[in-house]
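What follows is a group of structures, each given as structure tokens.
Across the two complexes that follow, chain A remains constant while its partner is chain B and subsequently chain C.
Take a look at the complex of A and B:
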């Protein structure tokens, strides 16, 4: 049945051609063809990204920025080329506004430790939403505890959408920062971040957007969004693990104290005093993750080659088909039914624990994520212990959805 | 389903998980022992009546996977009405059986343990099978320590 849709959607994306670029997809797991539906945890890597890593290590591995020999210059220029590519990819105003981090969590901790410590004081307030990943809760809890500030949480409705009116009421001159997820990793909800940014700015609050789940699915445009910080991980965007981006407005980054001390982030060091480097280097202490950063450029090229609009269109079709087919499973309940969503489907099946489902689906070669997805407070709101999550990407097919649905139907039968 | 998984989700486990023994919120009771694993979401209460000599009937209730529910069902049937030292021995023997400690997997104390023999092959599921046993063992241990001090 799914193959029919495959043909219909071929003019949006040639998925078979895309799949050829992903060696990992062409294998059997537990004797069945792999169906990889855990893209919200990490996406697979196209061969061009894998090759870029090999080429770097076998051709021009060298430490960057201070070397004057040929390999160092080549490595430096490849590293800085990626910074330019990221700047274009997110439509930042300036290349210096792009900081390399180790991932989304690292980026949020950077902002909490620098901007947060310098600007959030006793009695101030930080606002997050109910659907945050632990990585956008814990750093702010730690900061608020340290400073005697208050952490406020925007409530959500049954569908998994933030209640905007409640957010508006929370804002005051005490609000120093709003930190909100662009796309929920558990529910798939796309939050109205532009409206959040505009409203928060009316009160003079800074805004950080956690774009970990958004970057692979929807266009992210820093100038249009006007947020003050945007963080995301490249491993969820077809790039290597251990690499991420912090975008920050120049005025913010320049005013912030450094994060980690060490090489690269300095201009001059004496035993008496250190003068810090300019942005972006002020926030990139130590030898960075050079090989992975170099390979990121290829991941961005991959996405741009197919186009975010086409990717979003295709994934919307996958989401629609997935929802339709899953609805036919007795006892299945969707968790997160927001109007505006990416291709993440979370669900529970009455009477069957998510662990059992995950394990039985793995036996069928289907990789699903089960559990609380690092959003325990959100699970408490829905009064559940966890969900099964299928997160779909551009290389997934309608036939793979059929395989998942058939597998789930069998499991339901077995537990009857 | 492949053979490895069939061994894990074998008939006895599926039967216990669908119709667990002593699955009831038995309140009032003398003691409630909580077995909670926030990582996977297994969350059970054991409702235990006991006097100084022995444990009475154990009931349990809560939410969890098939393996944990079946394991707790076996626990509730085996430990009920045991004296404290026998209960402790059962808990130890079950945990040793699953962990293959000192060849314990070769000679189960009770034939009911055998349904869980495949769990050892799935390290990620060990917690599911052992969570309740570990918590009940702690409860029994605390009682025995108090008894020892008293004597």
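Take a look at the complex of A and C:
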């Protein structure tokens, strides 16, 4: 059934050609061809990214920024080339506004510990939404507790969309920061972040956007969005694990105190006093994750080669087909039905625990995520313990959706 | 009728699993069937104090003592885990306290459980076993205190 759609959508994206770039996809799991539907957790890596890692370690591994020898020079320039590529990818104004981190969580903690500690005081307010990942809840809870500030939460409607009017009412001169997810990892909802940024700015509040799930699916444009901080992980964007980006507006980054102390982030050190380096280095203490950062350039090239617009168009078709097919399963209920969504489908099936579904689908070679997806407060709102989540990427096919749906139908049958 | 020994039951389980020929899906379905046969706990016993810590899914474990033996009743909110629990109940319930404490549960390795339940569930499974042995040890020391 799905193969028909494959042919129909070949003009948008040649998925078979893309799949050839991903060695990991061509394997059997429990005797069945692997269907990888856990892309919201981490995406797989194209061979050009894997090769870039090998080439770095076998060709020009050296510590960056300080050595004057040839290898150090080569490694430094490859590292900084990625920074430029990221700047273009997110359309930041300046390359210095791109800080390398270890991931989204690291980026949020950096902002909480520096901007947060310096600017949020007793009686101030921080606003997040009901659909935040724990990594965009806990750092702010910790900060608010330390400072005596208040954490406010934007409610959502039944479909899993933020209630904008409620958000507007929460804003006041006490609001120092709004930190909100661009795309929900559990529901797939795309939040109206531009409107959030504009509204928050009217009250002089800074805005951080958690782009962990957005970066692989939709265009992210820092100048158009005008947010003050944007964080994401590169392993969800076809890059290696352990690397991420913090974008910050120059004026913010310059005013912020440093995060970690150590090498690289200093200008001059005496036992009496240290002066700090300029941005971005002020926030990159110690030897960074050089190899992974170097390889990330290839991941960005991969995405740009196929084009975010084409990727989004193809994934929208996958989402539409997935929703349509899953609807035919008796007792299945979607969790999150927002109008504006990426290709993430969360659901529960009446009478069958999500862990059982996850294990039985794994036995059929289908990798799904089950549980609370690090959004326990959101699960509480829906009054459920967890969901089954299928998160689709550009290398997934309509036929794979058929395999998942057939498997689920089989499980439902067994539980009757 | 006397309850078969811990090792006799383990050998039976090993035999049954060998028929599944290492097929993960079949092993899952088999576990589910076993779970369905396990006598469910009363809802009133599914309380936090009976929960086994360290399991991803909820597992409730209740004990009853009868002279020198210990009876286990258990349940889970997920079908496959309930099957796993049922294996332990089948082996360890109504056995002598000393035998429970000293049991070498070799069937886990022999049926290749790690392969079909994965590391995360294996940890939960180990937590269940630990909890059962702790109950046995606690009961034994209580009996010894009483005797002295």
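Here, the second predicted complex is superposed on the first by the 416 of 416 C-alpha atoms of A that agree within 3 Å, B and C clash if a C-alpha of one lies under 4 Å from a C-alpha of the other, contacts with A are read in each partner's own complex, and residues count from 1 in each chain.
Heads up, the rule we're going with is that contacts are C-beta pairs under 8 Å (C-beta built on N, C-alpha and C of every residue); 3 or more make two chains touch, one makes a residue touch a chain.
Keep in mind that what you see is a predicted model, and the values were worked out from it rather than measured.
On the superposed chain A, the two partners chain B and chain C do not both fit; they clash. In the superposed model, A:376 makes contact with chain B only, not with chain C. Annotation for chain A, partner touching more residues between chain B and chain C: B. Contact with both chain B and chain C is seen for A:359 once the two complexes are overlaid on the shared chain. Shared-chain residue A:30: touches chain B and chain C both.
Overlap of the chain B and chain C interfaces on chain A comprises residues 30-31, 352-353, 355-356, 359-360, 363-364, 371, 414-415. Touching chain B in their complex are the following residues of chain A: 30-31, 352-356, 359-360, 363-364, 371-372, 376, 379, 384-386, 414-415.
On the side of chain A, the complex with chain C involves touching residues 30-31, 352-353, 355-356, 359-360, 362-364, 371, 414-415.
The part of chain C that touches chain A in the complex is made up of residues 23-25, 27-29, 32, 56-57, 77-81, 116-117, 121. On the side of chain B, the complex with chain A involves touching residues 1-2, 4-5, 8-9, 14, 18, 38-43, 63-68, 122, 125, 128.
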